[in-house]
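Everything below concerns the one structure shown next.
Going in written order, the chains are labelled A, B, C and D, and every chain counts its residues from 1.
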């Protein structure tokens, strides 16, 4: 690990982003002041989040914002397109699997939500028939390869509009992540015992609507319409 | 993809978490209503986040909260202990590398913040000398293995208290992630040209303090003291 | 044409349905009384409906109800699944083509809406993989055969839930009917001259929502959300 | 399926008709709000309409309006002049036969009403001695050909006024449709068993009068006079 100072311009860029420092000041004078004791307690007692959320990196779909959750509530994994890879104890490092294991085994979280969203760039990339790799490493191509069979099937659904194909794969991807969660023995066993609940949800950035997955059919609908 | 209905308790658990639905209602009547047009614009025009944040899954350290950022500002990767693995174009899927590639190559983000925090469970696990795997897959063990040489050295620093060892590895880990970011050609080349800025920050859950890394020395300090 | 009186039970059934006579009395004392002059004028001057609606026979999706339209407004074709067959001047009788010709050539209607709806039994039949003919004539099988290639493609989309497959084919069918409308020279020529507008809409029986087709992309969305 | 954007005027015409959107808003705030639960139930449980109505496309004679029927009551076929073709299991697609089959075999409807009306344009076309085809396909000519022998006989009844000839053929056409209904084995068998009732009715647009066919004589009369 080496820190090499770059040329002048780099130095100019090296101070911490002003926008973030201002935001932090706002946090300190606002939320933190209001919830000071809660933060202290959370630090002392440790976190006991009620839900693991697997969400997308997208800047418009932060789970704490969509669910208006405060500190200590959500343990959050965020990767491109909210994917969960299948269980693969192969000795490689697996970011999402590690977080899942930590959430379930160490934090004893018993409620998992896979949160997808509309206009997902990862899903769009998976459906792009002419996509060239973004870089020689093609990391996005490899990562979205987790959805490859589904993406191929949807690409072939030429009677759907491009918007409908995107919508469909966003929903399929959530179901796929949930199915992959069940390949992890710790999840499967707990669910079979009635001690673990897996949920899917999809956030429409444009309208602000939250669509919730019916656990039995896999269909998505808005809770205000489906729950009445 | 098969949806198998479980026993009675599971059925009872299958409805979407009430807490999250209530939070969503609060979001809709609050922030969404206030920022409706911004959400519409973000949906139409696409996201243009100014910063990629690599943060921890910890429920107490959400970057949108700490930096009080609104929709569209932060593209966020969250994994256990905010790690970045080194560049490894090996054809496997890499969650964090994929998100990094997408952020830099597709979204043209030119500012990256690695945000660590105090009392990090992942760092604690890496320092636990008696740690047994959390599950047969030992995903956390493998994942935190990315910090293995550093963790070993800190474990051996017996003159430090356990609190100091934790504090030290949390900071080392941030510097390590930044060093690994530089192993990605797309990051390195842009930084060398003065077009990419890499930052580190560390959030103290207990006091709400934000410590910012000095890009040249790697030291962490509170901005109100360092900037004053 | 022969009227053969049946046995006793049949005679008992031969009086006009009471429910309909009561409904008619209600119409006479209500709407007809309120709109007596309008009915007289419509009878004298002839109808000048502003829109041709091609809708489904379904009892829950009457266009006059959904669009709250009065006498003289909508010229309405209703067949199973609101299908339009392609132009086929083959000397056979074609119910829908005849109505289309009459609407465009004789009544000079310049606005056509294909109105589909959720939970359509015809679409469901088209997707039923195990469907046996309803009768030896298999008229529904033949009729829904107009959607055969689309239905087959959607049947093969096994990653969609059955609800999503139904939803998708309902929308595809509307677009298909609109595409087939364009195979009629009288429609195509007028549209090319900017004198004919073709629209799609989909009615959700359960929620009462109307989804409107974007004429350029073919996507469906609720007007309150898409029009803002 | 290709969506080709037309010239400027067409683009201007491409937004959904305002009159229909307003009507829909009226439906939502009126009838739908009043019958919300009924719509939900109808969506969940499926439709169980009590009557199949075969009616004309005419904008002035919607059966839901004339019979003041609500959602779920009437399964409605509408074609020009409310015709039923004779049973012809020839492998071609038959709009009306398909709807009839679906109504009787799938929905188990046991009551059918053929609803004609005054000033019917289709009947008028069938009686027009100088009629040129409306388009090269002559779909109306072919369709009204289902009434050809009757129309020819009435045309030759030179002692009737043109108004009387129109009136006569409108009634004959209803009886003809009923007779053709009986050529369908599924209808005939049920009727012979006393389990199916076939009715005729004729609506006078000008006066609002409903004339009901006497099932035994085929005569039409107003129910208030015949039932009194």
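Just so we're on the same page, a contact is a pair of C-beta atoms (placed from the backbone, for glycine too) under 8 Å apart; a residue touches a chain by one contact, two chains touch by 3 or more.
All of these numbers come straight from a predicted model, not from anything done at the bench.
*Asks:* Which touching groups survive when subunit C is ignored?
*Replies:* When subunit C drops out of the picture, the chain contacts leave these groups behind: A, B | D.
*Asks:* Just give me the whole-number Å value for how far the CA centre of subunit C lies from that of subunit D.
*Replies:* It comes to 12 Å between the two C-alpha centres.
*Asks:* Could you put a whole-Å number on the gap between the CA centroids of subunit B and subunit D?
*Replies:* 65
*Asks:* Can you give the whole-Å distance between the Cα centres of subunit B and subunit C?
*Replies:* 54
*Asks:* Note the residues in subunit A that touch 2 or more other chains, in rising order.
*Replies:* Subunit A, residues with two or more chain partners: 159, 175-176, 206-207, 217-218.
*Asks:* Which label fits the chain touch graph of this model best, line, ring, star, complete or other?
*Replies:* Looks like a simple chain-to-chain line, open at both ends.
*Asks:* Of all possible chain pairs, which ones touch?
*Replies:* A-B, A-C, C-D
*Asks:* Contact residues on subunit A for subunit B in the complex?
*Replies:* 1-3, 5-10, 12-17, 19-21, 23-24, 26-28, 30-32, 36, 39-40, 42-44, 46-47, 49-51, 57-60, 62, 64-80, 83, 85, 87, 89, 91-103, 105-107, 111, 113, 118-119, 121-122, 125, 134-140, 142-146, 175-176, 179, 184-186, 191-192, 194-197, 199, 201, 205-208, 210, 212, 215-218, 223
*Asks:* Which residues, counting only subunit C, touch subunit A once they are in their complex?
*Replies:* Listed in rising order, the residues are 150, 153-154, 156-164, 168, 171-172, 175, 206-207, 209, 217-219, 225.
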